[in-house]
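Have a look at the structure below, then the notes.
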Amino acid sequence: MNATYKYFRDIYLGVTTVSLGMWITFRHFFMPTITVQYPREKLIYPPRARTELRNAIESCNGCLQCARACPVEIIHIETAKAQDEDNAGNMPDGKPRKLLVLTFDVEMSKCVHCGLCVEVCPTESMHWNNEHEHVTFTREELMRHWATYPPEEVRRLQERDEILKAEKAKQAAEAAAKKAAAGDQPAPKPVSKPAADGAEKPAQPSAAAATPAIEKPAKPESGDGTDSPQKENGKEKA
Amino acid sequence: MILHFLTQAVFWFLVILTVGSAIVVVFNKRILHSAFALLFTLCGVAGLYVFLSADFLAASQMLVYVGGILTLIIFGVFLTARMYNMSIPEQTHQRFLALLPVLGLGGIIFYVLNSAEWHLITPMVAPTTENLGKMLLTTYLVPFEVASMLLLAALIGAIRLARPRKEDHDD
Amino acid sequence: MIALEPYLDLIISVVYVVGIVLFLSLFALFATWLERKVAGHIQDRLGPMETGGWHGWLQPIADAIKLLIKEDIIPAAADKKLFKLAPYLVFIGSLAGFAVLPFAANLIGSDLNIGVYYVIAVTSLVVIGILMAGWASNNKWSMYGAMRSAAQMISYEIPVALSLLIPVMMAGTMSMVEIVDNQAGGFWNWYVFRTMPFSLIAFVIYFWASLAEVNRAPFDLPEAESELVAGYFTEYSGIRWAMFFLAEYGDMFVVSAIAATVFLGGWYAPFPFLDIIPGPIWFIGKTAFLVFVQMWLRWTLPRLRVDQLMYVCWKIFLPFSFANLLLVGLWVVLKG
Amino acid sequence: MTNFHVMLAVAAILFVLGLLCVMTRRHAISVLMGVELILNSAALNFVIFSHYTVGNLFGQGMAVFIIIIAAAEAAVALAIFLNIYRTLSTSEIDKATQLKG
């Protein structure tokens, strides 16, 4: 349009838009505020909010998955096999506890709040605790210790565990020797064969003897992993 | 009595302010100090106007001189100097040669001031604004209109002069 | 015992001046608190809540104490004399306006017969003070702020003066007390509602132009913190900064008080039967309301550009003010 | 010595100082400031005499005209100085010796 029209239109728009804006701010003036007076009242964060890590040690089965998942490697766990003498009790789902979690330390000062440890935890013992005040007076306090064993107890249990392990290894070696003596010595060959051929031919039909040989070293490692699928089922049920 | 004394004190304060800052205006090497000293001269003169019961004039002095002309002058200094150092310095010339006629003229003025016989009347103290306005719009209507034309002409002329020329833009 | 009677006027004057300075300081304290509260609530926040219990009412006092004991820094490369002088100049320019504000019929510093004109005149000092501060700081932001401020204040002085002329013409006097007296007896006698719509337009133009005069948003280019740090008082700290601050809030009060005086009936109540409430309360109440509107606008509108600022002044306010002036002049002449 | 004499003396001193300023200083704007001093002293003189010897407002009217003229003069002078500075890159009036821009 022409300049005169534009001039008066600008004035009209100026007046109306300023009035409108003032009306909006005036309404907001009387709206309830969203401020939370922080130290006195605190917000409840949504359940998935990444606040501060916490491990419910009584439901931790010491599976080390969180330590492995952690990208900054700040979770340090030491475990020992539970014996009858320990009276280790049951896990929350009723199964007997197989591992004693001797130490469970997290360096919160290095935590990047990625939440991977929470994702992988089979027992949901690793969780966000809905608080964000990790403020401490010293840096050492940011190292969170959740295991409850005193140091000498930890040392004792570790030594016992090592002894047990050594015994077990001895037994295993003896058993292997016995087995080797009993059999017609085909065992070493299939062990090496699938290792060499496995890359080329994954499905080997005649490796009846080979499969236990492969699974054997894997078994102790994932010995607790065996009950992890169950736990995951339980998690899904929960 | 004390009021009279206070009035005189204010009067002398204004006199000293006016003259002192005028001296700074003339003799200071930094041109911006001169310009800001001019502020106090102008304010002092405005104060003297109040003592002469020229209240409207005093306010006009503040409004036009301080708010208008002095600001123009300061802007002029900013715009016509390369502001590399803070004290835009300035040289003077013919200082002693100039003192000669100036002192002569000053001497004559002061001689006349001292020797003349002034026929003084008792001054009236009354608001002036209304009468001044009536005077400007009746007796002095033609000069008043001429002055307004002058202002208009000066306004247009100043804008025309200060604008960058077309050729400057084309370069 | 000394007879006090000859000195009574003097004593009253001194007390009044001291009272005004105290009032200005208290008002500035209150206004900073109010500003934060208004800003907070408009943005759905709360503002200061901690210091001193109820809604943080001690916050401004804490700030004032902080300012008073803060180190006073003068930049090494600054023009020291001018740097020290500038805050006083600005403060005086602001304080001088208080001399003619009529808090009530008898509560006025001096009922000058050129009251309105006097206020317009003394605000010129503020311009020079700001230019001085900007130059003496030897800082590019200060300089920009000062130049902008001077250009803006001088430009907007014209619409301010022209709008103030309208009630002056209607009252036939520039004395504050007489202008207010002409508006006695109910809000329909206030100048803002007489000669509708001219005086209303004059009031609106005055209010907006006065925002530019006191460098308030949306015309706060001189101290635009997102572009110029703090404009002309970037380099100031401590007590000198407090002077600028006081001057700014004093200016806010002065322009609002003048609007309340010449347009909104000064110390008179909107309805005659409410006149039992004392005049100063009405006067300060009206002024405080206008100050509140200033704050309200500040948190509503974004900052203008320099060219927009000048466009609004020279192409909208000025023609409208002149047309307004002519029409009201005609009205006054015809009415006799 | 009355206030009258003192003010006349102030006006005279302002005039003399303004003259000195115009004569000695080189920067164009300093010269302008000197001119303002002279104009002020003249206006002050008008007002003094009208107040103390005549008793009418003629002198104040003249002072109003002087202020108007000073404003016009300052505006035009500064525009000219700006032009001089733009073309000659100097603000000393002695250097501005040619009329051609």
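To keep things simple, chains are lettered A, B, C and D as they appear, and every chain counts its residues starting from 1.
Convention: contacts are C-beta pairs under 8 Å (C-beta built on N, C-alpha and C of every residue); 3 or more make two chains touch, one makes a residue touch a chain.
Note that this is a predicted model, so its numbers are computed, not measured.
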item	value
Chains touching both subunit B and subunit D	none
Chains linked by the largest number of contacting C-beta pairs	B-D
Chain centroid nearest the full-protein CA centroid	C
Averaged-CA centre spacing for the pair subunit C and subunit A, given as whole angstrom	63
Rounded Å distance, subunit A centre to subunit D centre (Cα mean)	86
Inter-chain centre distance, subunit C versus subunit D - centres from mean C-alpha coordinates, in Å	33
Rounded Å distance, subunit A centre to subunit B centre (Cα mean)	83
Multi-partner residues of subunit D (at least 2 other chains)	none
Sequence positions of subunit A contacting 2 or more other chains	none
Where subunit B touches two or more other chains, by residue	56, 60, 68, 75
Touch-based graph of the chains, sorted into line, ring, star, complete or other	line
Touch relationships between chains, expressed as pairs	A-C, B-C, B-D
Subunit D-facing residues of subunit B, complex	11, 15, 18-19, 22-23, 25-26, 31, 34-35, 38, 41-42, 45, 48-49, 51-54, 56-57, 60-61, 64-65, 68-69, 72-73, 75-77, 79-81, 90-95, 98-99, 101-103, 105-106, 109-110, 113, 118-121, 123-124, 128, 131-132, 135-136, 140, 143, 147, 150-151, 153-155, 157-162, 164, 168
Residues of subunit B that touch subunit C when the two form their complex	1-3, 6, 32-33, 36, 39, 43, 55-56, 58-60, 62-63, 66-68, 70-71, 74-75, 78, 86-87, 127, 129
Residue numbers on subunit A that touch subunit C, as the complex places them	7, 11, 18, 21-22, 24-26, 28-35, 37
Subunit A-facing residues of subunit C, complex	38, 40-46, 49, 296-297, 299-301, 315-316
Touching residues (chain side subunit D, partner subunit B) in the complex	2-10, 12-21, 23-30, 32-34, 36-37, 40, 43-44, 47-48, 51-55, 57-58, 60-61, 63-65, 67-76, 78-86, 91, 94
